[in-house]
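Below: a set of structures, written as structure tokens.
Note that chain A is present in both complexes that follow, paired respectively with chain B and with chain C.
Now for the complex of A and B:
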């Protein structure tokens, strides 16, 4: 087994090496316009400069600020409304298909409207991030609380649990994993949509910087920011997965 | 007698539209918000507006072509990745890593490479849609119960027979799940690219209506796009449900 695994790793390394080699050869010999694919060494050099000088911080902080505010809005409203809806079976049957139907409309369509309402600054990105994150969060909250095993509730009630006890000791622990998954999906979707909407129309942020370097025909700097955005995406992914696993282990 | 949830849902929607209508008429700034009655009128006018209809048709075409390409390429590649142990071990992690890259970052590159016309939208829709298909195909192959494979093999089925009679029928539900997820991503990719830059497509009109402060028209075109999205999503969802029921 470990022999096969070694073969896989070697193949992967060879593949990555081949990509790098092709990039290097192609950009060196000018087969592809340097505007499209700048020399790899230039891009890496720009990336190192970017990290060394910390010039990324203003844009990164804008993007992260938008993400945090959007997620706070979406998670508070999503969990609260979701919980209130889940209190009644009837409300679940009325509202769950409504939210699910709205979820199937690509929320990015609202972005032009949000630009009209909130301007080109962080406001419109926060609004789009919050809108997109809201739906998985509320749908999972409803699903989580709605599917709590009825026998638990009956048992707790027959043992004389108060409303508050019922919530903290029965409902919340049972619904928690599903709600948590919704929060994770919402967080990632918010990040992706904020990045996307920054690309479309914005004044600052990672997406904005990538576009502005593309438009000023400065591809090496653009690739440096693309590398940075990808690294941030991987870090955020790892961060939410770790948080989810840790919370789940403690309360699961 | 209790109200049925469907009727109550309709009531909620009507109430929301009424609140919107009255609220906007009383307090809204006509430069930014339009009441639904104006949107409906703008929608009606838009149906007779050739260039806008043409742009919507182009977007639909971009969506369909990108989707077809993604299925045509993602399906065989996903099958090979799932069936071939070497391919899965070596290249599936690479596919997963590429899937995790936020594609909005490469949007300017796609535009630089394919121009501002439909090809770039198709390309961006394709890169969004192809990954969910590949990943669900791999998951589908891995989900085939080993006992069925052992059973078929012990009855002397050849590799081709196993593929056609055991694996492929079992792939059908995951294939349709992949199609549904791919359609969602396809919509995101194409619309993102359209909104980013567009010559005469819907992105051109959303920008035009935003910049000329014509919210009724903007709402109307967004409504049309939302309708396209809902229909396409619903088609895929129905197909998925139908095929997975057949599989049960």
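Now for the complex of A and C:
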């Protein structure tokens, strides 16, 4: 690590430490009602208990299940439809602006409708996660395949590439980095919207648990779950970034 | 013209872009005719937009002419002929997600070379262009000159009789370009390939070519053919010779007015 980067990291760590310190001081001396901001030590204690007892698993497993299913639906449909659209100039001209326009609408507004359709359980969360993740995935898939450098295609054609070889050896690897970026954004958005929608109307899941502890005036437990959600988000992000970096390394 | 005496025959070939009657219709090339003998290096030179790259793509079967006929070894061209013709493009036509070696091998896979032969042939091609030590590098890790040598290796690996080169050294600096020109001349002497080479550089054209086809401004027609009577491989001595200077000046005279025309200049 170079000197400058070390300074950045130390400053970042100091900032986080300062936030924790402020919390600790403020909650300890009773400046803020413990209902709003419980003592840091209580929250940490609850978090340790939560991890030790494994009580988080039923909710975490529901949230992860929703995420996986929503992402599978969004990625298969987004990549497939995106690729088909990219095949025709006409379709790109028609659908690309259409999907871009739809992407800018806050899709969370569909959530009440989805609750009516799919109920309070995981169904409505999967639907909202898949809807929100679908747009960045399809838009990047269209962009990725549409902007493949013509010189790659011409070169492959001059060397006699068949249709199948053109797809597997040229189009797919050329479009892949852009498609991958769309998948990453879609994955993160699906996770965020699933957590968010769980806090609105749900029967279980991390978001559900956080709201229920807030409503039952048990903020230490609520923060324990928020810590857990932050850690999960961090791990998922690190996982996706690692996958992306590994694939991207090939592209110099 | 079907006796196959020439490697490449172009007869009355025209190419226009855009529908007939449209004011934006562009005639890129107008009734071009030429023959390229086996083992000859022909340079195409002319102002921008004169249709020299278009002609190259018509010869390679990447485009179909609006009129006229192109034949390779006496057979009419109807599409790409990967077994007979290999290309070297201006830039960035290497696949960046594959190593240099895999780029060469992928070309062979497209062409239909059996899997077992590819590795050996690809390494031999890389050795020919002096890139054997860079087989496992990715294109992004190479300099501009090395990238073009890698592209040349990919084309050589296909073992075609004809090589079409579309301004392959245009993006390189003058020194690198000269060295690659010398290498190409040597390759020609050794392998006897037929090469058609599009260029903007007067010196490059004279240094490399057996004949130079000079194009007029758009609509492009072949204005003159100049013969450079000098055997391959050509040396540095030829680069600095009076003969090269004289031919270069002659070429400049021929091109000067055409280039003014493309800039909208109508001065006499």
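Side notes on the structure shown:
Criterion: the second predicted complex is superposed on the first by the 228 of 252 C-alpha atoms of A that agree within 3 Å, B and C clash if a C-alpha of one lies under 4 Å from a C-alpha of the other, contacts with A are read in each partner's own complex, and residues count from 1 in each chain.
Simple rule for what comes next: contacts are C-beta pairs under 8 Å (C-beta built on N, C-alpha and C of every residue); 3 or more make two chains touch, one makes a residue touch a chain.
No experiment lies behind these values; they were computed from the predicted model shown.
In the superposition on chain A, A:119 makes contact with neither chain B nor chain C. By the touch criterion stated above, A:106 is placed in contact with chain B alone, chain C being left untouched. Ranked by how many residues of chain A each touches, chain B and chain C are led by B.
Within the superposed three-chain model, A:58 lies out of touch with both chain B and chain C [touch as defined at top]. In the overlay built on the shared chain, the residue A:152 is in contact with chain C alone; chain B does not reach it. Legend: residue contacts after superposition of the two complexes on their common chain; A:237 is shown touching chain B, with no touch to chain C. By the touch criterion stated above, chain C contacts chain A in their complex at residues 60, 62, 80, 82-83, 85-87, 89-93, 95-98, 106-107, 109-112, 138-141, 158. Across the complex, chain A meets chain C through its residues 149, 151-152, 154-162, 165, 169-170, 173-174, 176, 250-252. Those residues of chain B whose C-beta lies close enough to touch chain A in the complex are 2, 5, 8-9, 12-13, 32, 85-86, 89-91, 93-94, 100-102, 104-109, 111-113, 184, 187-188, 191-192, 195-196, 206-207, 209-210, 213, 215, 218-219, 222, 225-226, 229-230, 233-234, 237. Looking at the complex, you find that chain A touches chain B at residues 4-5, 7-8, 11-12, 15, 35-36, 90, 93-95, 97-98, 101, 104-106, 108-113, 115-117, 191-192, 195-196, 198-200, 206-207, 210-211, 214-215, 222, 225-226, 229-230, 233-234, 237.
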